[in-house]
Amino acid sequence: MRSTISSAESRIGEAAPHTGGQLPAAHRRTRERRNYRSTLAAAAFLLPGFLLFFLFVLGPLVFSFRISFYDWNIINSELSEWVGLENYTRALGDPVFRRAVINTIAYTVVTVPAQIILGVGVAILLNQAIRGRSFYRVIYYLPVITPWVIVSLVFEFIFVGQGGLANYLLKDVLHVTSENIRWLAHPILTFVPIFLLGIWKGIGWTAIIALAGLQSIPAAYEEAAAVDGATAWNRLRYITLPLLRPTLTFLTVVLTIGGLNAYISNLLITNGGDPQDKTHFILTLMYEATFEGLDFGYGAAISYLLTAFVLGMSVIQLRLLRKKVEL
Amino acid sequence: MTVTSQTISKGGDEAMTTSKLCTRFIALCAVLMLVGAACSSDSGDATTTTADGSGTTVPTETTTTSGDGTTTTASAEPQTVEYWHTMSDPETAQLEAVVAAFEAANPHITVETTRFAYDDFKAALLTALAGGEGPDTARMDIIWVPEFAELGALQQLDGVMPGFDDIADSVFPGPLATNHWDGHYYGLPQNTNTQVLLWNKSVFTEAGVDGPPETLEEFASVACDLSNPSDEEYGFALGGTYFWAPAPVFYAMGGQVVDNAITTATGYVNGAASVAAFEMLNDLYADGCLSPNLLGGGIGTADGHATGLYAMITDGPWMVDIYAGNYPDFEVNFSLVPANGSGSTSSVVGGEDVVVFADSDASDAAMAWTAYLMSAEAQKTMAEVGVIPTRADLIGDPDLPDYFGVFLEQLTTAQARVPHPQWGDMDNAINNAFQRMLNGEQTPQEALDQAADEINDLLG
Amino acid sequence: MRMSTGKRISRIASYTLLSLGALAMILPFWYMVATSLKPQAFIFEIPPRLWPSEATISNYVEALTKDSFGVYFLNSLIVALVSTGATVAVSAMMAFAFARFEFRWKEPIFYTLLLGMMIPPVMLIIPQFIVAKNLHLLDSLVGLIVVYVAMNLAVQTFLLRGFFEGIPRSLEEAATIDGASRWQTFWHVALPLVRPGLAVVAIFTFLYSWDEFPWAHVAIRETSKRTLPIGIALFQSEHLTEWGQVFAASIVAVVPVIAVFVIFQRYFIRGDVNSGTKG
């Protein structure tokens, strides 16, 4: 079981160094030979996947990069005009884009920790010998397995400004407000349903991953600690969570990427930036620029700025979360 | 998977190291991509996708089309015309009858129709055209034609399409003009529409108001009389802040977006009449007489009107069939958009144009289909489900539904939006100005001054 | 079973918390079901009702008989099943190679792959379309499947690499000493040990393929090849959205995914027992 943790560390950490430089010549030859055979075997295992990856992910990525330097004419590409970095500078100087960046970051900063805290909490509760475990798992997973398009429509429907379920609960049941709240007409309140949806939909996924992580922790550790008289909180704090670190790292990185790339809920709920283009996420702006404004070059530049940002964030997170687990 | 990997690991023994393999592989892929991109940008691609999904080359042939849409063909090689649209359920059902009639008259042509959701249609069209896989013809929103024409996606029809002049002479000039861009026509007006006032009779009767308002002044006071915000009841509601929604009131008040030559917005979108129109709507909103749903997230106008929450809305002829399907007990009542101080009414022209795409490889058959869609026969068939014809000779035809009367009358005064490729951005400028005033950030004058500047930038 | 008072309290607290959370999870879903049973005239009733005053199944009847709903359903099923199978196979092979083989540029290659996790999928659509066109994959279910597999590879390989690295090397070394080839080691030794991971991959890929909208929307034009999300999007209209029908169709679309999840989560638990985490 130690291997789970240490190996996950090396996965996240730097490349395992294997230069043959200091070895005697004879050794080096056999070593190289072994590596060489290993390389061939690796190529065989990697080829089918990489073929698809190159064709449908990496290649298109390169192509988009090219588009981002043009005023790209999507119908007659030979009419496209080279504009250099103009699309990029335009984005960085555009207040709508800056607002979209702030919104996207806010969404990520709020929804990612909320999903992890609630999801891991659910996983810990489910990792006990309790009745109805499968029942709860299915319930918590319902939002995850319901398509984004559908849940976005449902949340939009619940947060209707007049007579929606949310207003009914707040006004007529809980009496928190005396008037209907115009959720989707307000540039800040619009984010209430969008953020809630992001959290609501992600808890189940986070819980399942965390549960898989928890189940790989030997019960013996916790039992030993319990025998030693450690409280439930201390067992969680000093045993479970540290052992869960690789899982938490994975969750943080993947959820952050997901958060920064969020767009379907925003597109459907705000209708693409309403009101006043103040509620865009980076991708809704990109979608609007591309498919509404036909500005493919600008859209590609926005995507690249986002990709660069996501990449930077991921690297930073991996470095920060890489710390060794002391056992 | 098993087979692939084993074969490769055996055969690769004498081959290259990983690094070389990868380098070559990346290079190969990059080349492939660039070649692929270059190929796809050639427009002379004669391959079309047929029903079985295989690529077949369709031979071109000489086709002549007479004014009534029947076609005589030199060679009777079968041809397929792809036609994309965003029709509603009843319209789609009716379209099948139109296709059947056309195919019966032109046995060598098959028409394949594909329906899209309106919101996704532009994206779907663009991606398909980019990949050289677009349809031959489509029915698109009138405001998109200049945009697609500027991209070079559409075929010029005047002087190219057989019988074009006859068809052009037979239709209303307003809808025809929406196809005009840079000196040529890039489509034909398949159908037209406009918005009129819908008033909920039972709400009016209950409040003791006899009939629909005839002047805008009366309209404003009735709207407030019929409002009771605490119960979410409003005298008037708009579907949103995008230009189409306030357009009937805007034009009826005498508002204008730009000058006729489309050179400037100054003095037009921020002129006295335009500002007065938005001031009226802004005041109605502030006084709780205009539903806040227009800022988003409220009950839609169609639902709210039928359920009695919104006493008045403005909408188009399709509402008859939509209400028949969803609110069978609801009685729809139309009237002209209330008149301004000098007694004249107006509204906004909507509708769809049928276009032929530049890279269609069955353009003769596509034009024959286009001509048929413009025929009196086809237009009358579609009229049965609330699609207003564009042929002037059909006015007064006893087969047309009775409720068309008010729409046809409104159309005589209705105005078109700005026929410009950047219209979408202009619409957005006005939309944002409207939202700024509703939120109290700017007065109507300030908001529209800013919109005028933004539109002037777009006009270059 | 005897329990201390403290344990009893914590047990009750656990159930309460889980049930409250479950309620929050289920409420929007419940509202969707209720709405799907309402006629349009009652959709926006004030106050909203959590159960329709007069329930009707007419929305289901209309939704299921509209267009070719049955065909969309079948297409989605084929695409989701094949994409899932292929993704599990391909990403397991890749993950095994990254976890167990030493080769030059291993980490740079891995990070290149991870790039695929970080790309907004929407930005790839136009070039993907051009590639698919040149390979004659447009308007075909294969075109959907290859893209779904490609888009899932990165994240699933990342996930599975961790699972493979969690297996004690000694097991595989023993197999190698017994003369097993790398492929046999992978297939007979490693793969069975990461079954919980494979189940996770299967669930996620199935969900992704079942939900995916943007690519299917541009790559498929023929009505007979459309998948469910496209069919559902068509229920939204320019003038009036028939919420009852939208939600009725949505519920029908969600049922198979629930089935898949229920089946695989059982397997999940069995996998735990088999891999002997208790010891």
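Order of writing sets the labels: A, B and C. Residues in every chain begin at 1.
The rule we apply is simple: a contact is a pair of C-beta atoms (placed from the backbone, for glycine too) under 8 Å apart; a residue touches a chain by one contact, two chains touch by 3 or more.
What you see is a predicted model; the values in this text were computed from it and never measured.
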Looking at Cα centroids only, farthest away from chain C lies chain B
Does A-C or B-C have more contacting C-beta pairs? A-C
Provide the C-alpha centroid distance between chain B and chain C, rounded to the nearest whole angstrom. 36
Approximate Å spacing (C-alpha centroids) for the pair chain A, chain C: 15
Mind pulling the chain C residues that touch 2 or more other chains? 44, 46, 90, 93, 103-104, 109, 126-127, 130-131, 233
Spell out, as numbers or ranges, the residues of chain A touching 2 or more other chains. 39, 41-43, 45, 48, 50, 55, 58-60, 63, 74, 160, 162-163
Multi-chain contacts only, two chains or more: what residues does chain B have there? 1, 5-6, 17-18, 33, 37, 40, 123, 130, 232, 299, 309
For the complex, which residues does chain B have touching chain C? 1-2, 5-6, 17-19, 22, 33, 36-37, 39-40, 49, 51, 53, 55, 86, 88-89, 114-120, 123-124, 127-128, 130-133, 231-232, 299-300, 302-304, 306-307, 309, 315-316, 318-319, 322, 326-327, 329
Within their complex, chain A touches chain B through residues 36, 39-45, 47-48, 50, 54-55, 58-60, 62-63, 66, 73-79, 156, 159-163, 180, 182-185, 190, 270-271, 274-277, 291-294
Give every residue of chain C touching chain A within the complex, in rising order. 10-11, 14-15, 17-18, 21-22, 24-26, 28-29, 31-32, 35, 44-48, 90-91, 93-94, 96-99, 101-104, 106-109, 112-124, 126-128, 130-131, 135, 146-147, 149-151, 153-155, 157-159, 161-162, 165-169, 182, 186, 196-197, 200, 203, 207, 210-211, 213, 229, 232-233, 243, 246-247, 250, 253-254, 257-258, 261-262, 265-266, 268-269, 272, 277-279
In the complex, the residues of chain A that touch chain C are 1, 3-4, 7-8, 10-11, 14-16, 18, 35, 38-39, 41-43, 45-46, 48-50, 52-53, 55-61, 63-64, 67, 74, 118, 121-122, 125-126, 128, 130, 134, 136-151, 153-155, 157-158, 160, 162-165, 168, 172, 200, 203-204, 208-209, 212, 215-219, 232, 246, 250, 254, 257, 261, 263-264, 283, 286-287, 296, 299-300, 303-304, 306-307, 310-311, 314
Touching residues of chain B toward chain A in the complex: what are they? 1, 4-6, 8-9, 12-13, 15, 17-18, 21, 25-26, 29-30, 32-34, 37, 40-41, 43, 122-123, 126, 129-130, 147, 151-153, 232, 241, 291-293, 295-299, 309, 358, 424-425, 432, 435-436, 439
